[in-house]
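Here subunit A shows up in two complexes: once beside subunit B, once beside subunit C.
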Partner chain A sequence: MTRRKSDVFQSSRPVARAERVTRRLFLKQGLAASSTLVMPVVGIGASVSQAPDTPPPMKPLTSPGLPFSNYGQPSPHEHRVIRWISANPMAPANGVSWTPLHDLEGTVTPNSLHFERHHNGVPQLDPARHRLLLDGMVERPLQFSLDALGRYPMVSRLCFIECGGNSSAAWRRQPLQAHAGYFHGLISCSEWTGVSLATLLAEAGADPQAGWLIAEGADAAGVSVSLPVPGIIDHALLALYQNGERIRPENGYPLRLVVPGWEGIVNVKWLRRLKLASEPLMSRYETAKYTDLLPDGRARQFSFPMQVKSLITRPSVGFNLPGPGAYEISGLAWSGKGRIHRVEVSVDGGKSWQSARLQEPVLPACLTRFRAAWRWEGVPAVLVSRAIDENGEVQPSRDALLAARGEHSRYHYNGLVSWLVRGDGAVEHVYL
Partner chain B sequence: MTRRKSDVFQSSRPVARAERVTRRLFLKQGLAASSTLVMPVVGIGASVSQAPDTPPPMKPLTSPGLPFSNYGQPSPHEHRVIRWISANPMAPANGVSWTPLHDLEGTVTPNSLHFERHHNGVPQLDPARHRLLLDGMVERPLQFSLDALGRYPMVSRLCFIECGGNSSAAWRRQPLQAHAGYFHGLISCSEWTGVSLATLLAEAGADPQAGWLIAEGADAAGVSVSLPVPGIIDHALLALYQNGERIRPENGYPLRLVVPGWEGIVNVKWLRRLKLASEPLMSRYETAKYTDLLPDGRARQFSFPMQVKSLITRPSVGFNLPGPGAYEISGLAWSGKGRIHRVEVSVDGGKSWQSARLQEPVLPACLTRFRAAWRWEGVPAVLVSRAIDENGEVQPSRDALLAARGEHSRYHYNGLVSWLVRGDGAVEHVYL
Partner chain C sequence: MSICEPAPCTGYRISAARSTSRNRFSIQRRMYPLLLAVLMAPPVAAVSPGFGWGVPASPEDIRANDYLVTKDGVGLPPGGGTALEGELLYRQRCEKCHGSLGRGASAEELVGGIGSLSSENPDRTIGSYWPYAPTLFDYIRRAMPIDAPLSLTDPEVYAVAAYLLYLNHLISETQVMDAQSLPRVVMPNRNGFVPAFP
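Our next item is the complex of A and B:
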């Protein structure tokens, strides 16, 4: 993985006389007067605005612009905003591609940048021939075409999907120097629409004794996982649409099991079978993989909900602050168990904390954007965020997580992430 | 504009013995027991599911699937899900392209399918050289690079943008037979992120006497509009991001004025200048265009907020119901003045109405998905939806709208839209 510098923060020119304006601005917005402010903030205007001489005269372009398009694409100037691919050189259909969280804002992930995790590539499925089989401990085994599924009542959920292996580099002894999205970006957030699992289980006449649902994908890896029915019956859906349009091939076209807030692997892509059973399958994806060896020798298995977590995305590794002054700290927080209640931000490596603003609406199992104003004095500073969810669960320090989970964990890292802003404005990943 | 048939509803096969299951299903979900149900619903299973013989054995694919991609694209099977282009043959950079609402579900519009309205094509702007000038009745005229704007506190808004000319074919004397999206699809919904207008006006020291803001785009048409400052100061933003990534070229890259809930033309794309003034500009986009001649000879001008409106998207023109049975009616409702309070659905051409389910979260000036169950008896039925917003404003009938606005209106159609489901299952656009 290589590093590339961001264009952000590079071409602004300081104009000192705007500083008092910005002070007034922040007071007017209630930021400076608020106890939730990270730092007293003045001076964004000091470094970013310039007073022009005379406005340039209106010069209409002399020729029409580009024509309409049936399916739009990003500006060529944004060609570096991509999913970074980390595939296994010996098996290139096995690996991941990362959502560039450091390049994005807001909470919705565009479909083209939703992270990928494939165990054996993206199958090419014909929607006219694809079927979902629902069998096992049911009164009536059923098989559904996509047209058939499209007749059932639908529900939509704006929620994140996070790979259980996201942030796994944070378990390493030395902090990885990579863009935030390229080691924490196995998380993306979409509006998923489809048929609720409860609808189909009722349709088939599910046996109340069936405690487990086995979900199987149609990919060449044949990914199969086991899910406890009581834990998912109220919120899982069989998604046909992602952010309005049909699911993208790499995200499960034409059908994906979505279990809001639960680890990515159980959100089975290219779904072709659901089987009700009394016991879990114990597939390789819930035994050899996606489990963690604990210090006492036991394995941490079926660790489904993604725990409370947050990450500062701006600034982060790859950004270069052009000089002292006011900045906005922006990041993402999430919990698989509910809504984010509060995000705290520290600019002194965790010695002191203040609450960040949360962007509304704050939804359960959904990315929540947080933002906080900060005045950088031009000396080294360590930025950290810490999320608390509505259940009172607090994102742990890295040390606390390591103490609880030991040296052999590879999944479910949700510890604090710290960025050192150096005196020259460059940003490094550090461990506290 | 040609018509194309949808794949939906075409390949399902009836299996009668599932009918009682579906009845139980809807009872269990509380739909059939609810007074808000449009019709007693049974029998989706009757026409969509089939019991298989023996499940097909697990056959792993013999070769890995497609590799990872830096920027994903839809399945080739979805190549017909496009923006339909309606451009002026004499001036092909002037026209629209339509969001295919009839192909989409949920509320978020993927960026590639966000509608377009260009007056002279899509300018190719270099973000490194683009500047926003803020001048006029301000203490300090300011000019911002994009890097500079990126330093200010940001806000995100999930909201719709609707062209003032959306649904204009509904003013015609005869009902247009076209897909729902191809004459009501000049509306799309995105999460927009950027700097609030209030922040920049405060930064420049806006004169309290400046009642109007003149916004100007950098396109070859030089689109300019006038906006009343008190009406927009609390919610307008200068957007840099659309659904997480940088704004698409056709939607204003690199900078767009977004005024949630107000007609599309004032959401100025390719924004290059904001000027505070005491009077409106009276540009062609607020005099010759985007105004309506009323019956009394006066012009309806500066009609900014989009009024309460709704539309059934499924089924609609182009769908073919395969036979009697249970269906879900699905559609979109919105109001530029706030939240949707209720959507009523009729299946008898407006004789009787029942409330539809609203998908949460219901947000102000945002698309709201509504859904209602319906049992089709196989005889002609006329489907209509009617939205009520939180201010109590009710979507008017087409006749009431025509009576109020006369024969010469071309903009701001928000009347009811009716679909006739014929006995053979095909759908036609009709006027009540």
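Our next item is the complex of A and C:
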């Protein structure tokens, strides 16, 4: 399913879709509850079973199910769980697609739903003809085929990749009313497996004086960025696999540079060249873009690790609470600089906070799921989450972020996100 | 209801496990003398210190796909062009997305905004925001026009870059932009970036 919006990075949703999503959610939960006969915990109202068009329960099967499949697909009932595409109509290969965080649970993003930010489309690369060139300040410039790379010892890292432009609509003066994922979903989390950068640099005999690594993709935009070697040497990898299978084309097939916790643009997809240099390139992608303009006219550059951040995904915009009762608040927290130490949740717009439960595993530069029990009394409530990472860095309020960075930063929003649960159970995005 | 009949499953697992362990054992046995030889060899004798699966990249291999141009202009190719030459090209190849005179269409604004960065309505363009002129060559050559990247010749890239610098009042209409002159163009926002790392 393809939906396009002309407004790159900013999407809104048709109301009809929101209602469908909400309905589907409650149907699913209603069925689960009736089959296990336990107390409903999450947003299951009696109203669900009373809805006039509720289909009757399934009957036991009297014929065999479908045969095996070579490559599994989601249930057809889940066809509305999609990436939302916002691309430029004049250049349809330039844009983004958003991970539907509001439809997902746990921490790992299915490969088919990993967010995309392409500057000029998804190149169709033939792995038999793709080469990685490693040159510059090295003793031995080398080329690697994919087969050759596949023979090196590998490592796996479960980590998030977040676009520097994620949540950019939160810089706007008016709160955008869009599903959580179609607003904050330029973040996804996968297990990436490949060869550590350090291994390959040693192969080529890297000059210890080379402070910067220039990485370039084989896409039609030729994305190129500079990375400080000391900052990445311990954790960057040349990934061949994403969640166990070969990387998807739209996520960099057949080779992607993964720098856990660092902004999306430096996780160069379709990697074709690494060049060691003494200075950064100052490419368009590290000057004109992905830099934060400050009120005094200067701009923050090379702000690589994504800052501590969190977001309630359930309930969030598009959800409709069917009535007062016991609910679970569920959300995601992350920091590009380490592990999440604590997440606090407020249901009164930040007046009081309580610690949420962190679900294991809690890994550095990885999505962490938090959960908190909540009894909704049926009156308006403002839900907010606030994350603190292991370095003691606290997710700032939106006001504090604006005070520090001004209104025109455009990138790297990590302020608090607040949802108003209205008296009728609908959820709205609000600024505190 | 059981999904998997116990007997075939177990049988399969046992045979798979057996054959794997047998193979592993024989490989180890065969490799053992080799391993000893490696361990006992003088370390200085090693040709390549690592695994050695990469193949040497020749200067031709490197040149064949080299589009990198640094901020100081290293990598700029021969050739040159002026804004006068670039104007027609811009109209034919760029204007439909970037607008006449570099503003007012679907894609980024390329012109104007100089001095606006600390104002209420900052306007980030090549003229107001980009710190280095050679980056313009680097980017246009590899990425623009977005519907036909790498379709411009090097002199055409110089010419259209010159036209954009001219529209931003940074050079004159007749000034030739080439490997020597482009790095010397002083961009207004040259010192506007503050590195946040480390």
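Definition applied: the second predicted complex is superposed on the first by the 372 of 432 C-alpha atoms of A that agree within 3 Å, B and C clash if a C-alpha of one lies under 4 Å from a C-alpha of the other, contacts with A are read in each partner's own complex, and residues count from 1 in each chain.
Methods note: a contact is a pair of C-beta atoms (placed from the backbone, for glycine too) under 8 Å apart; a residue touches a chain by one contact, two chains touch by 3 or more.
Computed from a predicted structure; not experimentally measured.
Enquirer: Scan A:Ala220 for contacts with subunit B and subunit C and give back first, second, both or neither.
Expert: both
Enquirer: So, does A:Ala426 touch the first partner subunit B, the second partner subunit C, both, or neither?
Expert: Touch partners of A:Ala426: none, neither subunit B nor subunit C.
Enquirer: A:Phe68 in the overlay: touching subunit B, subunit C, both, or neither? Say first, second, both or neither.
Expert: first
Enquirer: Check whether A:Pro141 is in contact with subunit B, with subunit C, with both or with neither, and answer first, second, both or neither.
Expert: both
Enquirer: See if subunit A has more residues touched by subunit B or by subunit C, and give me that chain.
Expert: B
Enquirer: For A:Ala169 in the superposed arrangement: first (subunit B), second (subunit C), both or neither?
Expert: After superposing on A, A:Ala169 lies clear of both subunit B and subunit C.
Enquirer: Determine, under the contact definition given at the top, whether A:His408 touches first (subunit B), second (subunit C), both, or neither.
Expert: A:His408 contacts subunit C only, not subunit B.
Enquirer: So in the superposed three-chain picture, is A:Ile233 touching just subunit B, just subunit C, both, or none of them (first/second/both/neither)?
Expert: neither
Enquirer: Can A:Ala210 be said to touch subunit B (first), subunit C (second), both, or neither?
Expert: A:Ala210 contacts neither subunit B nor subunit C.
Enquirer: Tell me the contact category for A:Gln124 with respect to subunit B and subunit C: first, second, both or neither.
Expert: First partner only, subunit B.
Enquirer: In the superposed arrangement, what residues of subunit A touch both subunit B and subunit C?
Expert: 91, 93, 120, 133, 135, 140-144, 148-149, 151-152, 199, 202-205, 216, 220-222, 273
Enquirer: Spell out the residues on subunit C that touch subunit A in their complex, using ranges where they run on.
Expert: Per the touch definition, subunit C meets subunit A at residues 48-57, 61-62, 65, 67-68, 70-71, 96-97, 105-107, 117-118, 122, 124, 126, 129-132, 135, 138-139, 142-143, 146-147, 149, 192-198.
Enquirer: What does subunit A use to touch subunit C in their complex?
Expert: Touching subunit C from subunit A are residues 6, 88-91, 93-94, 119-120, 133-135, 140-144, 148-149, 151-152, 199-200, 202-205, 214, 216, 220-222, 224, 228, 230-231, 272-273, 275, 277, 279-284, 287-288, 291, 293, 295-304, 408.
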